[in-house]
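Listed below are the structures to be examined.
Shared chain: chain A. Partners: chain B in the first complex, chain C in the second.
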Partner chain A sequence: MAVWAQLIMNGLIAGSIYALMAAGFSLMFALQRFMNIAHGSSYVVAAFIAYTFAVILKFPMWISFLIGILAAAVLGILINLIIFQPLQKQKEKNNALLLSSFGVFLLVEAIILMVYGADVKSFGLPVKVGMDVLGAKVTPVQLVIICMAPVIFGLLALFLYKTKTGVALRATADNETIAKTMGINVRFMTYLTTGLGSALGGVAGILVALEQNLEHSMGMMAVLKGLTAAIIGGIGNVPAAILGGYLLGLAENIGVWYVPSGYKDAIGFGVFILFLLFRPQGFFGEKRREEASG
Partner chain B sequence: MNAYVIHLFIMLCIYIVLTTSMNLAVGFTGLINLGHIAFYAIGAYTSALLAVKLGLPFWVGLLAGGCMAAFFGYLLSFPTVRLKGDYLAIGTLGFSIILEAVLKNWTSLTRGPLGIPGIPKPELFGLTFSSLELYAILAFTLALITFTVLKIVTVSPFGRVMKAVRDDEVAAKTLGKNTFRVKAKVLTLSAFFAGVAGSLYAHYITFIDPTSFAITETILIFSMVLVGGTGSLWGSIAGAFVIGILLPEPLRFLDLPSSIVGGMRQALYALLMILVIMKRPQGLIGEDTFHSMWHNVKRRFKFA
Partner chain C sequence: MLEIKNLDAGYDKLQILRNVSIKLKKGDLTIIIGPNGSGKSTTVKSVFGLTKRFKGAVLFEGKNLNKLKTHERVRLGIGYVPQGRLVFDTLTVEENLEMGGFGLPTEEVEEKKQEMLKLFPLLETKLDQKASFLSGGQQQMLSIARALMRTPKLLLLDEPSLGLDPKTQAHIFQIVKRINTEGVTVMMVEQNAHQALAICKKAFVIENGRVALSGGPSLAKKKSVQKLYLGG
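Presenting the complex of A and B:
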């Protein structure tokens, strides 16, 4: 039993991170209609900025985290402003947007590499012995991850479904033209979703940096896992993407019970390819085939 | 001739095989295949294992590597041909991550992270290609064959169908073209040449390990195709030269720590990629660049 508790707990920890990334992806996809790989930059940048303030400049932890998340949001908005907005005006835009977002991701990664070097960094938190939670060993940081993610998703749901701005945002995602005629500031909504989505990615980056450590190359896998989770759940639909994140986390961590742990990443993408084959619109996605198939 | 220059030339030839074959899918057919490096890896490992474990000659490994890659390209086409650009991109990227995991973990076959050392230099017609000069000739010949075959394919009627699939898949379908089958064929052919490039690489470096085939390499090859010009084979050659040689090599002579040089290299090609997408989407040598140049020459002749 203890083994299963541990596997499920590990799945929830990984799932929380994937879900945070996937939620950010989906939020941005809902308005921009392309898979924004540059989302991985917010993950890396938030972690490294928080590291700079907390470890190098000796700021209090929580202020550093806020600065890191804010930096991710600002970066997301800037990228949108400088790169994606001009491209969105071009006619053949889908591939150009995806590919330019890849370029941006690589550029940010390269800058981080040049500034911080290639060696692994950490926040240097004291290593604590795992506590027993429902028969599984969990460290305090992991517990924070598991508890924090649902709180953030709750707040996000409150915002999206209960506030006027949230409703306007979903209306814009549903039909931009009609939203515009109803007097919704579509451009502001775009900035809001990019900022919010990037902030979610930033939270994920900082949480992972706390639990493991920081590397300039940490964004690539995170971005792919986030995207995979979002597609498994149903991209463009935030709650579905979040569930997709947990599903992916659980699938990977329970899967390693059956195959060598080196194949952990492969399990995730294996599941993903199965989804592409049989259910490209995602687990919870409605049948909008033109989204996925060409 | 300088050994360093010959080495660069050989690498350029390998890059050209990779970029032109990737362009067949990406540029001519509009399939954003980000798993190209996986086929390169399959070719390299197949060829290396056949040579090291079974002692088979180079040309058998070369063909087997190509065919094995083509087979996987065909398999990968099943989940991906029905998908739109973004999904295809992520799906193929996922495939290359799965393959990387297999190469690292199937230690009984691939020796995992230890890699495969001692891959013999090729022997053909009783001639051992052990000197750099001879290998350069071999690499150049294979690059030339690849280029010629791909050129023939792209200007053939099949090539026009490929472009039709890229430009308007629905229209191509209404004309009775089986666009899924076209895409599957393109992926298979494209993968074949990637496998050939892998075999060429393995027998040149004589040592391969999973790090030579990381996702970052896919992006490098991809940026070559993009910067050179999608839908233009000459563009792919230009891209391979600019991003593979012209940009990174001068950085080597700067006296800087490796993380800075690596970062600068990546920053430069990422920046170039973004700039090309935004300012010159057709790439350095676009699909119509030569055509319109020829057109201009003709026009000037007429009116002169």
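Presenting the complex of A and C:
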């Protein structure tokens, strides 16, 4: 029993992080129609900026986190403004966008390496022994991760479904041209999704940095897992991507009960390839109606 | 009210419209007919800045729209019912209506919504459904209602009767006529030339990206128009 409780709890912890990343990917994909790999930099940058303020400059933790998340959002918007918007006009824009987003990600990683060096850093929280939660051992930070993610997703859902701006954002994702003819400023919506998506990635990065530690290269795994989760769920559909994140986390962590734990990542990517082969629209995805336009 | 002036427009490098000039007076009900692919939709889209403009201008109430973004043009009071019943499939009927009034004060949106449900009572019971579940006719009604949410001074409809059964078509024409009598200037692209010519005040024929003919409802009596668009 305890073993299962632990495996499920581990799955939920990893799943929360994957879901946060996947939600960001999905949100941005819904409007920009390409997989923005540069999303990984929001994860890294938020963690390192928060670290800088909290550990080096001795700001209060909460303020440092908020600054980190804000920095990720601003960076995401700037990247969009300076790099992706001009590329939108290109003919082969999808390839150009995908590749340049990967380039931006590597560039940001290199800058972090240059500024902070290669050694592993940590927020230096006192090591706490795990508490018993429903038969599993969980540290306070892990408990925060598990509880915080659903709250954030709830707020995101409220925004997307209950506010005018949120509905306009979904309308823009549905049909950008028609959204324009409703008086919606589509360019603004793009910046909004980038900022929001990057902030979600920033939260994930800071939570992981708190739970484990910081490295300049920490973003790559987050990108791979977030992308996998988004595609498992159904790309461009935010709730589906979130569920995909939890599914992936649970599959990996319950799977290690059956195979050596060194294969954990392999399980995730195995699931990913199976989805690409047999259900490319994702677990919850539906085929969209062809756009008719005269 | 609307003046399309010597417009050359198209897509990317491809020019479709050649020297198109169309003038609409306040209160007009104007129809545009012409063969498939002749540039009717391109003309309508040009009013919203959805095409590439090479030369010429679009003026609305004397104001040159050339430099304005699509959403800015719409906010001046121009409503659009696009070809192909392009409602937001993933949004509910109610959300679709609300998007039509995007940027307006909440009370005004609520008021207009009630007004639209009176005009299109069919939509009342469907408010919470995804627009993709509506029938073709209902989607067209929703598309028109959505465009009316902003109380436009000018309404552009692109083949609103396309693909609908005759009864629904007649209903749509009746509604367009009513909208016009209530003071909205209308420009409508229609294949259904018989019915459209019957309710219009002015008509333009577009062929190969040019205005080939223009005139009043009497255009229907012209031999060439009869042969091409009225089945004899």
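What we mean here is this: the second predicted complex is superposed on the first by the 287 of 294 C-alpha atoms of A that agree within 3 Å, B and C clash if a C-alpha of one lies under 4 Å from a C-alpha of the other, contacts with A are read in each partner's own complex, and residues count from 1 in each chain.
Convention: contacts are C-beta pairs under 8 Å (C-beta built on N, C-alpha and C of every residue); 3 or more make two chains touch, one makes a residue touch a chain.
This is a predicted model, so every value here is computed, not measured.
Note on chain A: of its two partners chain C and chain B, the one contacting more of its residues is B. In the superposition on chain A, contact is made by A:Ala179 with chain C only, not with chain B. Of the two partner chains, chain B is the only one that A:Phe34 touches; chain C does not reach it.
Once the two complexes are laid over each other on the shared chain, residue contacts for A:Ala118 go to chain B alone; chain C is not touched. In the superposed model, A:Val167 makes contact with chain C only, not with chain B. Shared interface residues of chain A, touching chain B in one complex and chain C in the other, are 291-294. Taken in their complex, chain A has these residues touching chain B: 34-35, 83, 86-87, 90, 92, 94-96, 98-100, 102-104, 106-107, 109-111, 113-114, 117-118, 220, 224, 227-228, 231, 260, 262-266, 269-270, 272-273, 276-277, 280, 291-294.
Those residues of chain B whose C-beta lies close enough to touch chain A in the complex are 30, 32, 78-80, 82-87, 89-91, 93-95, 97-98, 101-102, 104-105, 169, 215-216, 219, 222-223, 226, 257-260, 262-267, 269-271, 273-274, 277-278, 281. By the touch criterion stated above, chain C contacts chain A in their complex at residues 41, 48, 50, 69-71, 74-75, 80, 82-86, 88-91, 95, 98-100, 102-103, 106, 132, 146, 150, 158-159. In the complex of the two chains, the chain A residues touching chain C come out as 164, 167-168, 170-171, 173-175, 177-186, 288-289, 291-294.
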